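What follows is a group of structures, each given as structure tokens.
Across the two complexes that follow, chain A remains constant while its partner is chain B and subsequently chain C.
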Partner chain A sequence: MQVTTMSFTVEPCSQETVIVRIGKALDFRNAAEFKSTCQTQVRSGARNFILDFSETGILDSTGLGSIFSLYRQVSPLEGQVVFAAVSRPVQVVVQLTRTYKVFRQFPSVEAAEEALQ
Partner chain B sequence: MESVKQRFTDLESVIDGVHSLFDQLPPGELHPALDETAILQAKLAVHEWTANLVQHADFEGRIPVVVVDVWTESDQIRCTVEDNSKGFDLEGQLVEKRNGLPSVPERGMGLLMLQACTSELIYEKTGEGLCRLRFVVNAGQDPCLNIPFS
Partner chain C sequence: MSEHSILVVEDEHTLRRLLEYRLGKLYDVRTAANGEEALELIGDHAPDLIISDIMMPKMDGFALQNAVQNQMETRAIPFIFLTAKADEQSRVKGMRTGVDDYITKPFDIEQLLIRVKRLLERTKVFQTQLDAKIGQDFSQKLMPKKLPEVPNYQLFFHNSPREHGGGDLFDWMEAAPGSYFLTVGDVMGKGLQAKFYAFSFLGYVRSTIHAMLRTTQSPAEIMKRVNQVLMDDPPMEETFASLLLLHWEPENHRVTYANAGHCRPVLITPSGPEIVEYSDLILGLDRNAEFRDTKVILPEDAALVAYTDGLSEQVLKSGEMAGETGIVESIEAGFGESDPIDAMLTNLIDRSESAEFGDDILVLWLQRQHTAVDWFSPFAADAQP
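After this line comes the complex of A and B, so read on.
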């Protein structure tokens, strides 16, 4: 079942994999909502998260911190967090922080889905 | 190039306002080396600073005033952000955060990201008692914030 919060849409992809459509921004204004949304998904059995950044114009340090929080949650469960359709503003943050070392990137959500199957 | 400048008194709208401000930079008047990456790095730097103001600044009961000014000189983007908050020890915070950044940190990266993607970063009091941050973003840079991942 698709879940929509104020900022994010979560779509199940398989039993353990969900797609989170980030929308326009993931920053200090909605990072707590992102964490809460993802925690709910982890409690429901999700282990792999595909973050769709195709529409995202803002990713800031607090938003990135909330993604690191998710990574810390799912890593011990052998889960993954991957980035899909990374927009230029998000790519600037990824490059600045070298987070491509921990989050695999895919050109599209479909490519990420295929890789996580 | 003439600067693009905006005064904010509503902290609720300052972040979106900052992003809109950068959209006003006239593409036809920019140095060819100032590509989208340089503009996005400058935008990120101003975002991190204003986010810090929104979340942590002490305006001591005054109506907040934040003035953002952005302009280019050759292949550099120059920014100033003035505000009427009490201010804080930026250098001390940077040292503390740099030395205390844990592996895969969930917080404490904002000021370090600002520092990483700028040069000539100066935080000072103005003659009018305001706080002023000024910095430069140079075109063609590949800045790096060394986050420990293990």
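After this line comes the complex of A and C, so read on.
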């Protein structure tokens, strides 16, 4: 079943793992929505988040902050946040903030799914 | 979801439904049949405006208005009375208790919609003005009023906060004679909230530096401690910040820095620019994050330039963000100019899509000059045969 909110699509992939399609942008305009989308998922048992950045052209510091919040929420629960199909603009932000030290990256959503099984 | 929420309190079913329907096209509307129900709903979530009938069973409009007035959290909610009583007595009583508007039934719904809109706009303007004022106040407090004055060096600093910008911060202190700590950072998020967190965060940084200076001068050690403090303090749970901590010893032209995910500074010399590469994880993510000190020696005429991401996120004419490459180009344009930051920013704006910056911008330019002899003897060269 797919749940589509205004800009984020969430697909369950196993009991504890979900895929969030980030879409064109994650920035100050929709960061709050991203946060609440993820919170709903955490409440219903999701621990691992695969973020699909294949279409993402914009990731600003507010958007990145909302991913950090998610990370802080799931890491005490032994959960993980991983990045899949990272686009160039996203890669730039990840490099700059050195967050690749925290978020594992995978070339595709499938590769991430496999690793999280 | 609408920007504003309205609570309609009316005991007459048909009118309540009508209002819910008409207002519901523009706002989030909740309804209650009397004052008691209304107070419960207000307790769950305070609305942006209340429209209430006066004559109702259980708890009438006056009693409701009184209860709303007596609570600090709800006192400022605009209140409109709606009543069949066209008599002057109720109107006077309503006005006396601080009601914002008063509409008598039967009323024109369009008229009501206009009044609602006007009241909400007024509240918003007031809020925006207040935010701007507080934001400006924070922004000023986040920046020092003067810069260190050191022989053989010239410091330049530029900061232009924007109302909806983020939480850029800059601070410096002279830890011991000839030993300076410079802090450039950016607290994630936008608007007043980011500025507020930046302000609190700066307090942490300052007190941590002060407390640790007794035992260490290592920016990396201080950074590690700041990160732990940030991780351990529940009110700062949602705070993430990039921070560049520079320990500057002008006498031996040395800068030792630790960089927690902040925009990488640029070292520029007459032979060209280079990015000061090493950096570690941003603050607030991992309690056990490690940081490393890196030393940079400033040759004669060299400058070390630090900035925040408002600059690198500036959109160029090509439609792409300036990024590190774009910033380096502008720094080259500013290098050697009498006001290097001004020249640098002019260059960047000339290449931008828009004629102004889209976000907070902050630049710190640490310029080492010619040795004192050359600098203070501009005619020395002429004296040579």
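Throughout what follows, the second predicted complex is superposed on the first by the 117 of 117 C-alpha atoms of A that agree within 3 Å, B and C clash if a C-alpha of one lies under 4 Å from a C-alpha of the other, contacts with A are read in each partner's own complex, and residues count from 1 in each chain.
As a convention for this text, a contact is a pair of C-beta atoms (placed from the backbone, for glycine too) under 8 Å apart; a residue touches a chain by one contact, two chains touch by 3 or more.
Computed from a prediction, not measured in an experiment: that's the story for all the values here.
With the two structures aligned on chain A, chain B clashes with chain C. Of the two partner chains placed by the overlay, neither chain B nor chain C lies in contact with A:108.
Of the two partner chains, chain B and chain C are each touched by A:98.
Of the two partner chains, neither chain B nor chain C is touched by A:39. Within the superposed three-chain model, A:14 lies out of touch with both chain B and chain C [touch as defined at top]. Looking at the shared chain after the overlay, A:64 reaches both chain B and chain C. When the two structures are aligned on the shared chain, A:28 is found in touch with chain B and with chain C. Set side by side, chain B and chain C differ in how many residues of chain A they touch, and the one touching more is B. Once both structures are laid onto chain A, the chain C stretch out of 20-28, 38-46, 218-226 or 344-352 that overlaps chain B is 344-352. Comparing the two complexes, residues 28, 60-62, 64-65, 68-69, 71-72, 89, 92, 96-99, 101-102 of chain A contact chain B in one case and chain C in the other.
Across the complex, chain B meets chain A through its residues 15, 19, 36-37, 40-41, 43-44, 47-48, 51, 54-55, 104-107, 109-110, 112-113, 116-117, 142-147, 149.
Looking at the complex, you find that chain A touches chain C at residues 28, 60-62, 64-65, 68-69, 71-72, 89, 92, 96-99, 101-102. Of all residues in chain A, only 27-29, 57-58, 60-62, 64-66, 68-69, 71-72, 88-89, 92-93, 95-99, 101-102 touch chain B in the complex they form. Contact residues of chain C toward chain A in the complex are 166, 186, 188-190, 237-238, 240, 242, 260-261, 263-264, 279-282, 284-286, 289, 309, 312-313, 321, 323-324.
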